[in-house]
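Inspection log for the structure reproduced underneath, given as structure tokens.
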């Protein structure tokens, strides 16, 4: 069976929610899907122990309760077909056709290798926040938050709310850079307010700049980390390390659709025009995949895309708001630029490909991702190179290779048979 | 605060977590890691959002499922590597 | 201008095997390969070492090669795994074809055995109930073809072979010209697979696209390379497109699923329609695979000669231009034997098996 929507929105974070709502207000029949069980994306991910922020709840209600919006939870895109998308939910394959497609696939963390980064107890920074919101037990656990960007504050606040003892926040950017960023925050009042609120929640938590985690140690689980800061090296015992070096656009679906990409440093983002149109007719993109800009610009871009995809005129004030919000992203990039040191932490025997356990030294001499993959299995595993490929690009080794279907690992039944009637009674003979 | 609880079984041990929690959270509650890497190292959730595949476990008889992407449901049977 | 005893164009598994054997025989060899070693059909291949019994010449080459593969069982890069081949009969009609196949394989010196249904399900419990039986070829194996190609090139390089990264643009008698106008002097052996027509357009070659799907690690679900007995109908038939049940257990525990054959498609894009057909076929034999996670789908192109047999030998009308290409789906299995046949002829020695069926001169006949 094939479903059809006037507008199909991929991703239910701030951009996707705004896009779905905007398109629905013009009477478009909208499908909104996300791989997660609940809407909100990463930034508004549902917390199983705490009520979420009011703005998030309102935006979710606006989109999900709209009579023209169909919410498709735990539904992920598998492949692009001639006239639609092949998807799967927890039970079955689906095929969905659309008049217009809005990509709001958001971002993931830039996770960079260092000795010990594969130990249980080491997670992404946003990763720990996501895990905590899903009920990951943090009460009484000693947590260190590290990496780069204002996200670290939010992560520390979430960890604390879940009962963690946050030993410190270690920002790789210099104190000077961070101060300049803070002094400029008045230009984005909502951001300044967030920062103040977060600092308030983090009373007593040390915030160290120019501080880089060099190594994590432990046998089968994390016991301690080594920090390299302005005052030398330091060893700290801890139970959890939450470490992320900022965000990366999730461009893989856009890439599979053939949308033109641009490079920001080592990482691609989706090229869009003022109406959030990509280079592919009928395909729009909004939010982090168009370049990391934060949730405010994601919401604005989502609304622009939603209006445009529904064939409506986009209000000029939205376009101005976007410009202002995007300038915040530029300030972020400038002030939290990565210290070259963080690209040199991995040692020759540090595993780069965590799926296939490929150490850095095995990749010496390879100048492209495919050659390295054929020879070493680097990037051949289940994450399809999302972790190692992006890390190697950041380390200056070689760019990630292109995306082939399936977009994420998918059930063979999805790829092989989308006739639902035959899916249920089989598969029991093994 | 969410007071509803869901009970599942991990490696034969019962564990109770808040309703809507992920299988990854339930595994962590028992102090367990998820899988052995291809060279035998223990691995546990890393990215927390379904990208890195470090938290793959067997859920209700099907191996290689991402524990961070699956909410618990009553009576679920989970196996980590051993 | 540098000169060599032999210039090999292409470092797929066939070119690599030629370089390995030629350098072993003391020749001063150059390999010209602009891409990764084993990066073409070699990288796309399943890596099944199998004897097909449908054509006597093909069988002879496979058998000869399988013997040569025995010296690779302990080479780590080869990832050699002697899983054996299990040909599955879905009907009594298919089952009835087994004695003839057995006889042909036995005559060629390959050990194979008929399998009744009880043995079939003991060997492969995941197979769907109701199958008629099968035939097992226990000595056959799977390898990792790009790993083998790299190993062969490394060995050749260790003996002094030079590896050139340039693009070959023209072959003349006793000379190879590269795109940057570098010229290399010496006999030229073209082993460029699907790219053969670019250098030797006089040798007819078509490409036949295939799809493969690989799963995450699910050890012990299947144990043998499994093929349907009707496989050869798909492999050797001339239909525009066909699929056959062909599933392989990788040493990693992953399951590699084939196979499709398609003429007339020249883009490497994955066709979900073809994948669907291929997997529907797979589920008819292994329904429990449905719930497993697929990690990747890829495509590749098989180089098909005018009659399905490779071109191995001197290019007609030329004195110093040689060819080893056109192996279709059996290039991995027959790479080692192919290399010997060509290089032995080049050295003026008798080949170990009758080389005439593979002589490119047959295109004139």
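Per-chain residue numbering starts at 1, and chain names A, B and C are given in the order in which the chains are listed.
We take it that a residue touches a chain if its C-beta (ideal position, glycine included) is under 8 Å from a C-beta of that chain, and two chains touch if they have at least 3 such contacts.
In this text, all values refer to a predicted model and were calculated from it rather than measured experimentally.
The interface holding more C-beta pairs in contact, when B-C is weighed against A-B, is A-B. When every chain is reduced to the mean of its C-alpha atoms, the one closest to the centre of the whole protein set is A. Centroid to centroid, with C-alpha atoms defining each point, chain B and chain C lie 42 Å apart.
Distance between chain centres (mean CA atoms), chain A to chain B: 21 Å.
The multi-chain contact residues of chain A, meaning those touching 2 or more other chains, are 381-382, 409. Looking at chain B, residues 38, 56, 64 sit in touch with two or more other chains.
Residue positions of chain C with contacts to 2 or more other chains are 216, 291-293. Interface of chain C with chain A (complex): residues 35-39, 43, 125-126, 128-129, 146-147, 150, 213, 215-216, 221, 257, 270, 272, 275-276, 278-280, 282-283, 287-298.
Looking at the complex, you find that chain A touches chain B at residues 35-38, 42, 46, 48-50, 74, 108-109, 111, 118, 120-124, 126-131, 134-137, 220-221, 354-357, 381-383, 386-387, 408-409. Chain B contributes residues 38, 56, 62-64 to its touches with chain C in the complex. Contact residues of chain B toward chain A in the complex are 1-2, 17-22, 24-26, 28-29, 33, 37-39, 41-54, 56, 64, 68-69, 71.
Interface residues of chain A, counted against chain C in their complex, comprise 79, 81, 86, 368, 370-371, 374-375, 380-382, 384, 404-406, 409-413, 415-418, 423, 426-430.
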